[in-house]
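Next come the structures, one after another.
First chain A sits with chain B, and in the next complex the same chain sits with chain C.
After this line comes the complex of A and B, so read on.
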């Protein structure tokens, strides 16, 4: 038996072992090392020295929410605080349930460990928020973020208390309804302040991606079940839809949505561009969700359905109570992936439909008389890319974490 | 007296492969029939046919003299009179032990939660599992999981229990606790069909042993006849292999 050395290798040994093991390794290390250093230095110089970020701070509101009327901004603030409370409640209820089931990961962590865990998960988002806030010169955004944060913490504390209790089933059912209604209410509340057609900036990208994913889910589920159906016609139609949509570029579908509706509906009645974008996102994403759900259904062992059948459950109940809950649990990470990709693809709607989304706004502000002809498009594009990256990266990390937690694939 | 369960001339094939050819079997009330035979001989398929999980191609299955494999019969209604336990447990991993057990009583038999819960507690108590009532299946040992699966099948008060190699997926030291449960059911007078590789168990508990070979009931009789005085060479061969493996 070999003994495992526990002494830490010296820095020099580590460098030799990991970077210069063979001549090829040495060459690669030198080439990519110098490249990385060069790019890194140029990047830092750009961000801290050469970059002219005034264009961002002057136009921050336009980039974030477009031409949303200033006296209606309070609607966004109210909705955000409510959503913070909502997200906190959900996180708390989940954590509380884990404590009850004895599967909690945070129980047994010290306060410091928990703080550093949270920091690693959300530090990037928090830092980005602080960065954005530092660019503003009014107190409104600060207060909004502060109250949202407070809402989240309060929600987390209340949710934790709810989660550890086992509630009568009618209460938990009512609770689920409330939790579904809250974000819908927040959405409609904002839409009542400013019509959907005028949602612009980053708000458009975020909200329409969220709406698209939520709406596409039931449709995708139906398509997945349709594809498994014994009814030939239903099955054929589901397959045709899924394959047709998955074969088409989203950009083309968005362009079609822009022009084709006028064929069927008088221009005066035709839905706004934002609605068209959301409808297209929904129809597009549904085809992908259908395939994700189908994979989830296949991942449930056949014995589960057999056992359910043997217990006398009707086919509908077999699906609803036994197969679907397991299938959907298995595909949560893939669905988050779909959301991330839709989130980024919302920039296509800006171009295809002429919506002043974050990307279009970033282009438009470089044409302002103060900034025209100075090549500031680089700064604005970097800013846009950074915001999307922070969002996507954080969601993808959270999704991996969830995946580990659910033990997907390790059952 | 009509037998509790009668299988008559049942034929089943998957695609081109004939898995059951003209199988006959009669199980009297309170009787325990053990199905033995090498793997692939059709034991699982036969049990699933009896429970209508697999449709038969020809023949009849009679429960209390009534043809149940008939198209006019609602399979769910029939299944409610039978319980089946599988080799792989097939507990629902997203539900607690209690929820697993009370699912069918509540959702199929329309019992109240309290009523179903009471019956579940009674059964869990009897099989020494009461302390596991709110655990999830993956936190239980294989033996415990299989006993929960048996309780789940018993929760609707079936008239007939089917067991499909319920100890084959278990570590050797956990086999006894599950077999003990089945012995207890025999003492209660439960009618059972048990596919098993545990020959010692079959010899002790069965009223009738059927040797299944390539989809044919080659030989059947009392445990004594089959184990001490098998008539067919194939049966002798099979039993010899079991003896050689040290399992009899």
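After this line comes the complex of A and C, so read on.
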């Protein structure tokens, strides 16, 4: 065996080759390099020295959950702990199944490697949580996050044990139903404590984005299949829906949802603004998901379907077992992209429907008598942007991980 | 085979849908009938009865206007406009806190009123003819007489807006301010570039950076802004010119006189109380006042012409002690003003009582 030894170029060589190859390169490097350093220093100074973050810490509850009654906060805590347990269970079961199948990526890792893998995946979220917690002066949020974390760890351990065992099919089916019901239950439990209409702050952005994602995916899938259907009526209706909804800006749809409904339905019966926002998000995103899924369906070679037919599978099974899994795998990046954009678009609902979401709250608090007239809108907007970036970036990283796992683009 | 399955599913779906819609249908018909009765004016069910039955007032307001309505850390609405929401709730329901403050954007405030999302708007709204006429709104007693002014830096040397030619005037977007500034420039034959911004804080940044020669807004707002200047209030000057009339008034929907009267008298009560010097602190001492007009006003008993003890029910559909509740729980006009607007450095000016040379005047309560 011969090894080809490649000497790594020294740092200086690298700099000369990449940054100062020609005089023009040198000028560009100096100009934009100093610009970048200047912007970087100004940014760091703003965040750590000049930024007046008191407005955030004083108003943290308003920004996070709006006017959620203080004595009902326990409902959020309970729901979060249950969701932590739930997420841990799912992660554990998936990991356990991979161990059983021998496809586990983490089984061969040392503890340290596993910890650093987890740190890379969730370090940002954990750091953000710690940052937010450091701004509070009560113990409630600390306990809530601690118990959620404990719930996640416990769920992961139990899930790992369940995952490696082979269970009778009725048990695993029941398990799937339970896993689907738990988040729905958590949602309804919180809604029973405080009506959906009063969900505000970042809680509104997160929960309505989650509801929109969960509801729009099946609808989008049906629309995509409808558009490929051989039934003329179904196909026509799907096309009409997709094109009509995709043709209107989301903001316009939200404004319509805000102002037009009460002229058709009496005000007392009209659903709350939060429900309207979720319905609009769902209908809007479904049209995009439909087109993304259709793209995925087209990317599956016709031979796959023909082979499935040759095996004697029914049309439903052809779709469910052969075509859809490949189609959906191929469009993971686009789907996650759509969901990230939905997450950020929830701020439009705040504006169009007058919901006190994170962005609106960030604007409103700058007018408080302690803070007005000091240009604090910059601090609050940076804070809002940071929270949305953490959410979007984590989603994007997780989707890349899923892609690698499923081998998108490599097989 | 497949087709039959599909048909069965479709039929089932249709049945379910039909059941749902017929349910909805019933309720909407009754509600529509109620609406029709409203519109007809005969056997009208007033919003007044509805609010009393509901036990809560839905008051259209906002969450970020210094002095008028601001959201506190605890999520409460605090301000001049918010207090008038409380005045109405105290009068109609006897509880100043029975208010659902509905935050509305400037653009959809009238729609919210028309669609019944809110019972009343107390949202810094200028009373204009076209709003009165075309938005289906009835404006009530003016709570604040405002006017648009101009603020410049102290070293700019402008003595009045007539000096300002070829300048950039920064304003907040989406209000009458923008149009007023352009109209005033036209009228005076001046060349102004009116530059709209989304937010006062953004104007502050631009103004501080010297991107605006003038900052135009309602005088009340400018006074607050001036007090908050980073270089101190003396670094800027509010020019003496006031070039628009901005009477800010609460409003209700057209065609519901009973409700409009109830809201109106709740507001007038704050003015009447100030005329008599009744405040939230001393209102109890007035209950046995020698002046029978004051006793009538507060719902205390008085002797009628036949010598019987009685209380005055003016027939407004309000409890006889509504004025007492308003003053006890919220305060008179002067107290509300002093609580929210005086700290900004606003003078009473034209918003003083008529006896002090201002414009506030309440019809007599008797």
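Structural remarks
The working rule: the second predicted complex is superposed on the first by the 402 of 411 C-alpha atoms of A that agree within 3 Å, B and C clash if a C-alpha of one lies under 4 Å from a C-alpha of the other, contacts with A are read in each partner's own complex, and residues count from 1 in each chain.
Rule of thumb we're sticking to: a residue touches a chain if its C-beta (ideal position, glycine included) is under 8 Å from a C-beta of that chain, and two chains touch if they have at least 3 such contacts.
All values reported here derive from a predicted model rather than from experimental measurement.
After alignment on the shared chain A, the placement of chain B and chain C results in a side-by-side fit free of clashes. More residues of chain A are in touch with C than with the other of chain B and chain C. In the superposition on chain A, contact of A:309 is made with chain B only, not with chain C.
Within the superposed three-chain model, A:41 lies out of touch with both chain B and chain C [touch as defined at top]. The three-chain arrangement built by superposing both structures on chain A places chain B and chain C 140° apart around the Cα centre of chain A, to the nearest 10. In the superposition on chain A, A:368 makes contact with chain C only, while chain B stays out of contact range. When the two structures are aligned on the shared chain, A:351 is found in touch with chain C, with no touch to chain B. Touch criterion met: A:61 reaches chain C, while chain B stays clear of it. In the superposition on chain A, A:321 makes contact with chain B only, while chain C stays out of contact range.
Of the two partner chains, chain B is the only one that A:101 touches; chain C does not reach it. Nowhere in the superposition do the C-alpha atoms of chain B and chain C come closer than 10 Å. When the two complexes are superposed on chain A, none of the residues of chain A touches both chain B and chain C.
Of all the residues in chain A, the ones that touch chain C in their complex are 58-59, 61-62, 66-67, 255, 258-259, 261-263, 265-269, 351, 354, 356, 360-361, 363-369, 372-378. The part of chain C that touches chain A in the complex is made up of residues 27-28, 31-32, 34-35, 63-66, 70-73, 75, 102-105, 108, 111, 115-117, 199-202, 204-205, 208, 224-225, 227-230, 343. Those residues of chain B lying in contact with chain A across their complex are 48, 51, 53, 76-77, 79-80, 82-84, 86, 88, 90-94, 103-104, 107-109, 113, 136, 138, 152-153, 156.
Listed in rising order, the residues of chain A touching chain B in the complex are 101, 169, 301, 303-304, 306-314, 317, 321-322, 325-326, 329, 411.
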